[in-house]
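Have a look at the structure that comes next, please.
When the chains are written out, they are named A, B, C and D in that same order, and each has its own residue count from 1.
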């Protein structure tokens, strides 16, 4: 079976400009357009993910499969189904003209009867991928290991009370890291699926954090050993599936990296939906990672602020992304990272075309936000007032304080002696919000 | 005016045992009862706070004063009012037989017309306190500076864009730290009132975090200079008053302490209501601080999990506190820290007796939880199964992995070679929950 | 295969008193103990649910089956598996000595190749149930139809844009309502699984509410036609699986019943976890239903206030349930309704004994809460102060106002003429909370 | 003192088109522009509110006044201050060219020493307003009574346990309703400030709801008596200041209106921030009110979905409002209602110009959203697909079902006989979301 029947007669999605009424065209994503001296495609480094679009059957906790994908049909040979799935996936990459993709080992290749067989399955499918990539544009943004779906991982992988599970996880990560390297992947991602707890009553947090520290350290060592140049990226998430995930948010991951001395090799992959589940705005998480020097890559999606779980919808809020991209551009832009659409179409979006609609919406939202952010940055619309607001700290005394050349008593004495009575100045929030809206 | 009219004929609150029907007695708090080799009073180190009970008029964002405290009457001389307030406060400490209290500078003494006058006001009231403490049992658990109520701090204190505000804050903290030292305080607390932001559009997070790092470092230096032995305690809170507070939660503060090299001198003061506002259970925050080695003290109160703001109610959930105290006892108990009732009676609780009811409820809840936790710990009800659950990590190979004597490839190879297929074991959550309920 | 191997050597769970250390005994549930003139068993009307314990494989959105129940093994004949499952279920009912159970059609019997076959499957299993019930103590608290799992219902059942789906739902509900009647069920429940929306962009809320109104009306008519005496119970839930569920909470269902003139025949089945997802306390939902005269039955479970999805844990908070049972007893107690444990053991609770631990915890929590509530009610601990607080409304003028014998102008005139200046009285919240804690 | 010093040299805000770089101009609000046959001004019926901009000093629960408005200076004569405040307010209305305003009695006039004096104060200021309105464009959208700030209302107004408080509230509402009538107000609003509870332990919900029902009924009767033509509007809010407010959301208010037979005279005033605090989208609340026939007016503001309290920010999300206005236009548009900016500038926005920036942002956001919604509606972009989606219900059988001409058994029989197996169709959510984004 070829993939032609799956996407049927659908044509490649092309840029047709903001006035386009064709729902299967890009209105903003014009990949070769140069923005701040770089092609839009090179700025955004967009990636499709393998799992949501090709491995999820449309099930949720209250209902089963809705999509009826041909490669999920009962009774197929698993490796044949994996190849059929790969055909559909690469066909979508081609239709969308997307430059990157991402995958988990188990998205790509089925678990075998033994660990050795699983490793071999992955190798076989990696070769399928490599062959397809030779004739395609698409490259690998990152690979990752699924250490959370199988029941052996129900109590965590690295943080499992059973060291044998830790070993099993080592085998999986090593295989995917090497596969990622072989496919020329730009990064390697670790999302702590079940590294967390359901109840503290049965959990030794200190042990488990130390196990996780050891695990990530071993991955970093192995990365160097095999010559993989890309960074390791940890993806923060506060909860779900577990009640509490150890990689709660950017600030927590930063503390973890400090504690286990991993700052040189590990950065974060930030997801919008995970940010809001943690009680933060997406912009906050990005800005914090930039401030702390651990910004790596983005899982680009959208949660519903009124829902308490990961809805993983395609991004469509241009205003939200404009300020995010502003901060990223201001921080130097993406390097090895990219924008991975860790997003799924809704369970009721049954048609193959819906897969394209979802991605087109996300891609155009990013493109439009990038364009607006670039103008805002060129105008110094936000950076100008910001520098001005803190200017007094750039004076002699401000610099001396920050350089550690003043002590508490001296500054306190001066405040009293000078009878300081500093008057507050307007924070101008409404003015700045209106300003941003002028660009959106 | 004496305080006698304020608390009227109310008698000291005494322990009368679980069967007592006297609402103004303790049913569980029996201060001299020995638990795990220590007097209950020495375990709990209970503290009343000055602000909620004596400085809050009963106002909220939708309405004004309800309490009509005599010392808040319009037209009073501020220093006379401060002494009248101190009379009422120390009378309550006496009635409750509570061994500690806590205060902010501005709770105790009014702001003067100049900074110098403010500092002098604080000194004068500190002397009032000292005199009262000579004849009273109560000691100082901690002092702190109010760096958030005055409009000069509207954009932060240490993190203000204006260095003069930073200096002003230095003067205030120095004065309170020295007052705390003079009064024999056991700790010094820093709650980052407005150290955060309302909008990222006008905020340079990196600068502000660095300013805060510098500020805390200066406080630590000064503490050593004056010979203050107690720790500096940072109190995490995720939001409110600002949209985002930099000291979001225990994990975030840990990262901050690592980043600015403050782990040796600074610990955390954890509040239940702040924990749940951050999306964590109280037990989580305590257990995490213990695991990270930064557990200091507790602000003992209770938030409403259905409300999105700090309700600061008196603790009354024995079940919740039993597991918290279990973890604290298991971690060695409180040292310099204590249990500060950072809690207020409801706005409708107008009567002086309501102040006692609130504290009695909180105190009895803590006492009962302590008793239950101690038995649970003696029985090894939780610690036994926990040790057993992770026992395999204490084997030779487990220890070798954690000691860094194994690498990824070696463990991965072994997993494949041994054809590992680890079988999960029940987490026994329901069993453990029932077990805890047996003690509650 | 018999069920003996499933629960193995586990013995029936018996009451052994509060001091029992046997985790597989009841410490509080003493079914024949008379409380306020009624046997505890008759007060609580406890029910086990079929779905969570016997139909859920332990999967969640991030991982597959963990439990490996024998009747879920691939390749079994569906009807044979259904009978094997029934054996295990009735064995658990026996071991727990639980007087009621509840089920969905699809829990009990597999979907057939056609609608007719599905209806027949249900009939066949209903006969299996009937036969088992002859020799068992257990009775049916309620039945219900699963109108949400199959993909045909992805856009709702009664509220589907396709009338054929509405018809299909009619056929299912009719079959289960008649099966419930045949088995002597005490109530019939309707939970609006996917009666709601994912996005308003494709939703006509007015049409859908009207469809739902029509649907429930038809069910009520049919109930009368077949002589089913029990009430129809709607189960409120605010969200999940859909973004917004029409039966959001008790207040919303009340408005629906008013609008479609269903108050005479329909009441509510309230679930703790659904209450907190809607931003209400469990006590609130129960008290509101009692106040509005639509209280029917309870789905007894527990959500996690820090998580945004239905965790459906077994109840274990005695304090929370004590006030709930107080209100129910004060409102006359349960009549046709009962306490259905709509609760599941955690995904990591793999052992058959864990099923018993979960239920034992829930049952003992209810029993203990009932005992405490009864004493509190006998003491008029809460009802006394409450009556006193509102006593002035029972005076002549208060009654005249409430009887509609006063108008705004007259009361306003009187307020001015009498120069009213009412003084607030303490709400005594802390006193009352301590009072409740005396009973817990 | 004149108001000139307050707004200083600021000029009236004029429409200057989308390209305007003048932050004190309108870029989208072009009041005379005709949209769907009506002037933009007549569509939007924009209103400024008196309280946030002129009565709030910039205080929050953690800090005092920041704004230092001249009319709030200590020691002023209250009535003189009220007139000074009115000067500033009407000057802002003029500068913004806003056609409506709204106020509470206590915003406008100070509470007197007696109830009679308070009523007289209000009358006096009403005359000031009337005189100002003669020479100004601005009209009154609605008036309302502040029944929540004074301590007498701490336990509710209509729902107070003390009937004298109920009477006091009658006097206040009567005075404001008559003042509203005298000033030609278009509506009268009731926001249930403290009509709710802090704890169920001291609350009789049934009594309180009945009291509230009686109160609103009396207001409706009085409205008819004095010939006030506008509707009474209840403003839903779920919580804050109380733990639970009786007017939780639109659905709850609908049930209340049904219960107390008030549907003919009372509608809802919906606020965005209250909607999200209740767990609903703004669009949901508006669409539901339209579907139930109780849509009245809007409090136009914006909450922060990550914060749990009413932030009352100025609206600035064009995307959110476009779909809201689409639904309102599709439902016939605003009649007596309008868009009241129940919004406040941030506490740090100290400058008089910030008041203008806040309103300009909100006004332009509404204008832009209206323009986009109108085009979307003209294109039938959403209404077309919607009608098509439900078309089958408009067939003969669909209409017969909805007309009550079918019963459960008949439809069930038909489903079985026809062997129905309805196939789901894509909900097309991503397609529709992209479609909306084309208009935004």
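Methods note: a residue touches a chain if its C-beta (ideal position, glycine included) is under 8 Å from a C-beta of that chain, and two chains touch if they have at least 3 such contacts.
Predicted, not measured: the structure shown is a model, and the values here were computed from it.
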Quiz item: How many steps does it take, at the fewest, to get from chain B to chain D if each step moves to a chain that touches the one before?
Solution: 1
Exercise. Using the touch rule from the top, work out which pair, C-D or A-D, shares more C-beta pairs.
Key: C-D
Self-check item: Rounded Å distance between chain A and chain D, as computed from the means of their C-alpha atoms
Solution: 39
Exercise. Using mean C-alpha positions as chain centres, tell me how far chain C is from chain D in Å, no decimals.
Key: 36
Quiz prompt | Junction residues of chain C - those touching two or more other chains | solution = 66, 151, 154-155, 198-199, 239, 279-281, 306, 346, 348, 424-425, 427-429, 433
Practice problem: Name, in rising order, each residue of chain C that touches chain A in their complex. | Solution: 58, 60-66, 148-151, 153-155, 193-194, 198-199, 239-241, 243, 277, 304, 306-310, 346-348
Quiz prompt | Complex contacts: residues of chain C adjacent to chain D | solution = 114-116, 119, 151-152, 154-155, 161-168, 170-171, 173-175, 198-207, 209-211, 214, 217-219, 221-222, 225, 238-239, 244, 248, 251-252, 254-255, 258-259, 278-281, 283-284, 287-288, 290-292, 323, 327, 382, 385-386, 389-390, 392-393, 395, 397-398, 401-402, 404, 406-409, 411-416, 419-425, 427-429, 432-433, 436
Exercise. Spell out the residues on chain A that touch chain D in their complex, using ranges where they run on.
Key: 21, 23, 27, 66, 276, 279-281, 305-306, 314, 316-319, 345-346, 348-351, 353-354, 357-358, 360-361, 364-365, 424-431, 433-435, 437-438, 440
